[in-house]
Each structure stands twice: as structure tokens, then as C-alpha cells.
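The structure under discussion is supplied below as C-alpha cells; questions concerning it will follow.
Labels A, B and C are assigned to the chains in the order they are written; within every chain, residues are numbered from 1.
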């Protein structure tokens, strides 16, 4: 009996050891999938789930980061870091568009023999269908395509399709006609708003629960909004690569599981303990110092194209006086703002951020110089000293608002602070009927790397709208409006265009239309097993998931 | 109402002097007897003293701000430096970590993320929190007494309407109602006819907190009124031709005063807790004003790197509310030792 | 009896209706929260906003909008303005966390309250009583969210004894589920233990002077038997009714603070987000959910009282 017992015990031990070994080995690399190198399964955490898992509807950082490598448009932004990533290259299209001399006609040709992840062939008419979805599903991105002939008629239901888009499925030809020349049109063609989808996708509804088949290196294999979604290698991506789309890289992992976790601090702990491989959001200020100090081998700060500023309503006293506006620019201290933002603001007092074509550094308001500011206020001697300062309720923005409120008080104004919930903040200050919108917090993240995306919505006279306007300072300088319109008709690559945009930036700041103070930096924080050097942050789409690889 | 004879039967009573002629025994008023009972409750008296001390501490805010800290509660000192032990230290470090507490006149309790002096803010914040608690308690008590008197005396359809209204307010999840009202009213303020209150005025949270607790106080008092109404002295007053208002003021009110006083005291404590909860969720006192609740909310952002910002205001709330609760308890025991008054929470 | 119950249920419905109207009005009277503008995105032009308005039915008169919203809640088709997700489903998904939190905390607080209350009453006036009273009073004097923050800091960060929150579903791992809920249960329970133990204590002290207790003692029962079988049982009745009211309130939204600090994906957290983003559809649904529980438990308690005390259902002369 004793011997039997011994054998049983040894058998149990061996069984347990085998179980343990196999459990440990669960997350190890499995062989490479069809095409492309690497392999394995990783998981990603984010605080807010993508707004829509739908290329035509998604309009948030989370959505774009996740969907960039799932839906390929006709053109793509180069998958490179820094300024290289702001350049366009052909993706599903064979070449960059053939633009007519009058700038109104764009001709492209779809590569042949490509298939979506479910085997459906990719057709030229799928592009037209995607643009139609933008209008019928009320996408925020539809405004970028209003310039296509017949778009508004289609949106209003007066036409069955968009007359300005002609496609031929046999040859793959796509011809787009615009109502006027538009230097940003190529840029918007590179956004996922314009990614072709098969006509099986619902025309006027969000398809988050059943996303359309993929044309990129990854496909969405399952979605459980708003908690989790799974991405896997697209088995038919090789048809896109074989057709010549060399600018879209292969995936380097087999599977990515994306999970929502509202607790940023818990995400930080998870990455530190290697339970999660990547977190989309920067670590919360409370943990940032610790991460920087202890995990510098897998953490770095990343630049991003955005500007943080205080808007000043130029239509009303006291900000209708240029001296008051310039005083604010002298008084604010970008370094102080950086500290209350947790150390992630790159100080800058210009409209365009570094990395944006047209950015050239200058310094108009050296400071912070409270004395100069107070002197300017004394010269201006505004009669109306009541100011309402607006900000939203996210913790760092609230602190920024409190700093600004104190600053204005120090300058001698009678300032009142209003803190509004983040989700309704923009529509509140963008609404003309809201009283007392004098000054407050604002930021702007690029939609695409073209300076017009900053100047037009934020500083053009036409953007002063009754509701939902983005021109919070109510800037309307006719000479600059005309310059913007003139530059829009040219292409960014044309000679002198970037310099002229830089001059425009300075011209606006000479008028002190804003009080900008910085550009927010993002972060890359990876678990130990990820290849830190391979992974990079794209200036528009944030982390490029095709650059994720296990060491 | 406890008659003097009854009260002598209660435990812990001052004894009737023996050997004294009956004519010389003074009838003592119930208030005096209550005071005697309260006086013997040392713990309650200590707590009352603690509360008074806290109030004085907060009232001294301008003195501290001016003479010791040399800064106001809302002044930011983000990029400033202070001399500590001869060393120049950042008030807020480049990575955003604020200065901790220490034995220096300025920033005695350290700084918060905006570089503001925590001690100064604590004192000013206390003024706000206690003010809101007191004012809201007044609002609740006055409204509750009015509702209870009307409902209890007239009964019938007046009672039905008032009680249903109380039911509706009661059924509303307290915090949700408070947050909903706080958030919406803070945007545009309250404009009801001639009354105009700015969105960031303290009266918004005061009115909201005051309103929310009315059913909790009105219901028990209404019960008392209903019971009192059946007693003979009310019948007598009606027979004498006294009008309803006169009866309410001169007959009913005096009999509920002791209940009302106890409720009032305990209500201040509840109000301070509710105010801190609303401010923590961003729907109470508006920034940049300090209240103990907003300080905890701000401090929570850096709880791992600067825990003192969360601990200190919380301890102040606990101390104040605890002293009020203990004193209120003692008051209840003193006013009516066998009472079944229960402040339903 | 049936008439009494029917009357009560009718009252319940009326109250819920009134609450829904009040919430609807609060959020439709404030300016500057145009949902169409929010959905249309940051670059929208007036044409797009107009289309969104029409699609959402926001250009119809208020009573029509109200009825549509109510219908959508009851048929489970309500979608939120902010994220275009099904509200009723979101609430449904938050229910496990909220119920786990509330029921667990309730079990904890009732057990402790009965224990403390009993001991306090038995040793009235002596050290144990005073100590427990002070403990209870401290418990009810702490802001719930502050206590949660303190526990998180000391027991989760400084000493890594407990996890920093987040909810693990019971079906996923019962061990983890309980482990993640220990601190939240304790936090929520602390407040109520104080109140309940003191109520039980004073009820028991009163009961000990009653005639039936003297009779029981005269019958020869031991002091312990008297206390437990008679005094405790009878003192529990008001406690149980109080529990009914409080449990309704906790489930109905009282747990919002605990859920926020510990990041539990429950109905309370969802409610907080909805209110702060002024998103009317989920807010309406959550308030109805909360109010329903409060009113439901209120009604059960009323009915129980009527069952126990016939004077109440026969006339409305009972004290509130």
C-alpha cells in the first residue's frame, strides 16, 4: 500500500507540474500567421472605449488609434514617426491622385484583385458607398466632404447618389469632382472617413456591434462595446500587399485584445506588473513621476499635434482691446501651466504646434512678465472689469482654469470662474446664446496635418456660428480670412506655401487673438516583453499597432 | 410635554430637597431641568466646546492669511519658491508634486497642486462648509416646521398634498437629486421671478441641501403634531375661539421646540456630510472657492504623492460632524430622556 | 387588505410618474446642453446639426418627447445622447456590481449592527457600551468617499493588502470577486452599522422595561433567553423596517460615492457619469431605476406594517 501511495503522490506532482508549465506557457508566442512576421497575443488598456467601431463614424483618439490599421483608405499617411508621418502615400489606390489644372477634379485608380477580410472583393464603388454613409449616418466627418459636387443634395435626400463621385468597378477608376479647388482634400482622403466598405454595411446606422470587414493588416474579430474588442490578423491582407500597397505594413502580432478600464492608476499598476502590454492614455499625474523614475527603459514622452490655449472673446469688452489681450500673453507662465498639468505640456505661445507643416518658432511675448502685463492693462484702462472664465471639469483643466482665474484677479479684474462638465463644455462655449463667454480654456487636436485644419475652424471669420462654432475668440480679420482662402486653393507642397502659413501664424499672434501656452505630450508605456524600440507613436493616429511586437 | 413631577422620576435627576416646606419648593421650568441634565453630560459639553473651537478656528482665517501665511486662499504660487531650513524649495515641483506639510509659517500644511496654501484654504473652506451646513439646516427646519404644522393641523386634503410632495422628494435618490440640481443650476443660476441667484453663489447648494432633507424632518414633526392635536388643550383653545395661526404659534409650536432644536443640531451634521459629498462630485461648492469637500476632491487626484491634501480636510469634517452628533445626542437625552425621537437619515 | 395594497401600489406609480416629469423638466429647462450639437461633432455645420435634431426627434414638442422617452425606457430601446448606446442594457450590465456591493454590505452591516447593538444594550452604561457608542458615532461622522480614499491609500497603496478597486464578475472568479469587494463592503457598512446598532440598543433598552419581559423572567427563563427570544426579536421589528427603507436607498443610488472611488462598474457610477455629462436619457433611466427601488421598499415596509398593525390599514391615523 505504501508503495502505491508513493506512486500516486509522484503522479500527482508530475501532473501538477505539467499543468503549471502549460499554464505558464499559455501566453508565449505561437507561430506566425499567414504572411508577416512575429506573432503572439497582446492586450491593450484604455480609459474610454472607442466612440464607434465604425470607420465612417469614429471621431476620437481611441477610435482612430484602434481602427487605423483595420480600414485602409485610398491614400494613407506614411507609417513613420515624426514629420514623415504627415506625408501621404497611395494605399488602396495605385498612385497619388491625378489633379486637374483647375484643382477641381481628382482621378484615382483602385488596385485590382484586392479582398476584404471576409473574402468580398474590394470595388471602386465601395469608396462612393463609404462617402454616402458619411452623410446618411450623420457622421461628424461629413463636413470634410461637403466640397464634393452633389454632396449636399444627396445629404438632403434630393438625389439618389453623389453626382460628383464617378466609379467604374471594371477598371477601378474613381473620379471625384469638387465645387472648388481645395488643398486639404488629399488629406481627408487619407482619413478613415473615406475608407471603402462593402455595401453590406448599413447605410445610415452605426455598425459598432457588427463592424464591416477589414482591408488593413488587422480585422475586428469580436466587439463587446463598451468593454472590450478583439483584433486579429486579417487573413486577406496579403491581397492588398500583393496588389502593391507597400506603404501599409504587416502586423507583427497575431491578436490584440483591447479592454476598457476606467481606472487609469490601475492600468499603470498593470503595466508595471506586466499584466497589460500597452496603455493608450498617459499615466495619471499622480503616478507619472514614479513611472518616469523607475521604468524609463519602457516609457517615453511623445509629441503630438495639438495646441492648448485660452480663448479671448474679441467682440466684447474688455478683450476687444488688443492691449488687454497682449497683457494676458505677457502674464501667463507656460511653465506654471506645465506643472499643474503634471509635467506633460511642451511650452509654446504660438498657434501651430511643432510637427505641423507651417510651424516656425518665434517669440513675440517673452515672459512671464507681470509688470509689463500690468502696465499694458493700465494703459488700456478697461471700463468693464467683469470677466467670466470658463473651463471644463476634468481635473487638470479645472486646475488650469483656477490658475487663469487667479491670474486675471492679480491683473486687477473681477473674475468669476465657471466649471462645466467636459461633455457639454464645447457646445456651451460655442453657442452664441450663452451669456458672458469672455475667456476660458480651449484646446484643439488636429484632424489631419494641414495648417488649414487649425486656421479655418478656429480663426476664420466664417467659423463664427450660432451654435457649435469652434472660433471661440470670435476672430474675424478680413485680410487674414482672404489669405486663408487663397492658401487653401494651393497644395501644401507648392513653393512658399508653408512659409506663408508660418507668417499667418505670426500675424494672428501679433493681434494676440489667443493666449496659447503649450502642446500636450502623450506617452508610450509598454510591458517588459514588448519590443520598446520597434514601437512608435504616429503624429496623427497615435500608437501604430503594426509596430507592436513581442521581443 | 413632561410635567415637572414626571421629570423628577427620570434617572439622574437632581433630588428634591428634604425637610423643606412644600411652599418653598420652586417649580422649575422644563428648560432649566433640561439644562441641568445636559450639564451632567460631560462628554456632550466637551463636544460642544470642540465645535465652538472649530468655528473660532475657521473664523480666524483672515488673521492667519494676513499675518502668518501672507497669502489668500485662492492665490496660486505654482512657480514660486519658499525658504525652508535655509533651502530654497519649490512650492510645486516641475513634475507637479506639491510641497508637503512642515513647521514653517507659510504653507504650514503644505501646498496643493495649484500652489495654494493648504492651511489658509482649510480655514476658509471651513467657513464655507460650516456656513452651508448651518444655513441649509435653517432652511430645512423652517420649511419642515411650516409643512408639518399645516399638514398636521389642517389634515384633510392639505395634508394629502403636502405629504405626497414630501413622498416625492423622499423617493428621489438623495445624491442623484442633489447632483442633478447642483449641476444644472450652476450653469445658469436660478431665476424664479424676482429671485435671481448666480450659478456660483453658495445659496444654490444651501437651497438644494436644505430642500433634500425637508421630508426627513417634516415627517416626524408632523407625527407629533397629529398626536398633540388630539389633546384637550387644543380643544380648549379652539373652544376659546383662537384662530388656527394663533393655535399653531402659541399652543403647538412651543411643544415641538425641543424636538426641533435636536433635529436642527443633528441636521447641521448631515448637511455638512452632504455638502462634502456634492462638492466631491463637483456639484456643490463651485471652484475656485474652497470647502472641505472640494479640497478632498482636489486632493484625491494626488492621493498617492501628496496624501495630506486628502487626509486633513477629511479629519476636519469628521471632527466637526462627530462633535455635532455627540452634542446633539446629549441634547436629545437632556430634552426628553424617554423620547423616541429618531432622526431618520 | 387587497384594497390597501392596491392603494399603495397606485401611490407608488403616481410618485414614480411625478419624479420622471420632474427630471425631464429639470434637464429641458436649462440652456446650453444641445444634444444634437454634441453628437454632430466638433466641426459640424448648422445643416448637420439640423439633420441630427430631426433624427433624434428633438424638434418635437416637449410632451411628445417625454412620452417617446418613457416608451423607449419600457421597451428597452433608449439610446444615450453622448455615446449612442442602449441605456437599458448599460444599466442591466451595471446591476451585478451594484447588487454585489449593496447586498454584501447589507449582510455585513446587519450582522455587525445586531452584534454591537445587543452588546451595547446588555452592558448599558458600562465601558463596552460607551466604547461601541463612540465607535458608532465616529462611523456615522465620516464622509463615505473620504473613508474609501483613506482605506485605498493605507491598505491598497502603502501596504499592498487589497486591490485598488475595479469589479471582477462573480462568474469570472468568486475568489477575486470577493477580494475586490472587501474594502467597498466595509466602507459602505461603516456608516450604517453606527446607526443601526444605536437604534437596536435604544429599542432593546426600552423593551427591557416592558411588561412582557417581566412576565418572561417570572416564568423562569434565563436572562440570556429573555434577551434573545423576547427582547431582541421584538426590537428587531423597527430595525427591519428601517433596513427596508435604507436598502432601497442604497441600491437606488446611495452607492454612487463608493462605486466612484473604487471604480466599480455599477449603476451608481453610470449615474454619476450621466449626470455630469448632462445626458438626459441615461439619467432619466437611472433615476427611475433608483426611485423604483426606494418606493418599492417603502411600499413593502408599509404593507408589512399594515399586516402587523391592523389599525393602520383601516384608517390613515397612524403616525408617519
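Here is the rule we go by: contacts are C-beta pairs under 8 Å (C-beta built on N, C-alpha and C of every residue); 3 or more make two chains touch, one makes a residue touch a chain.
In this text, all values refer to a predicted model and were calculated from it rather than measured experimentally.
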Comparison of A-B and B-C by number of C-beta pairs in contact, larger one: B-C
Closest chain to the centre of mass proxy, which here is the mean CA position: C
Geometric centre distance via CA averages, chain C-chain A, whole Å: 40
Intercentroid distance (Cα basis), chain B paired with chain A, Å: 48
Mean-CA-position distance for chain C and chain B (Å): 23
Overlap residues in chain B, where contacts from two or more other chains coincide: 183, 187, 282, 303-304
Residue list for chain A, restricted to those that touch at least two other chains: 265, 393, 421, 428
Residues of chain C whose C-beta touches two or more other chains: 31-33, 276, 278
Chain A residues touching chain C - in the complex, by the definition given at the top: 51-52, 59, 138-144, 146, 152, 155-156, 206, 225-226, 261-263, 265-266, 269, 393, 421-424, 426-428, 430-431, 433-434, 447, 457, 465-468, 470
Complex contact set, residues of chain B against chain C: 163-164, 167-168, 170-176, 179-181, 183-185, 187-188, 219-220, 222-223, 226-227, 269, 273, 276-277, 280-283, 293, 296, 300, 303-304, 307, 310-311, 314, 317-318, 321-322, 325-326, 329, 340, 342, 344-345
Residue ranges of chain C touching chain A (in the complex, touch as defined): 31-34, 37-49, 51-52, 55, 82-85, 163-166, 263, 265, 269, 276-279
Complex contact set, residues of chain B against chain A: 74-76, 78-79, 92-97, 113-115, 183, 186-187, 198-200, 282, 286-288, 298, 301-305
Chain B partner contacts - residues on chain A that touch it in the complex: 265, 284-290, 292, 333, 335-336, 338-343, 393, 395, 398-399, 401-403, 405-407, 409-410, 416-421, 428
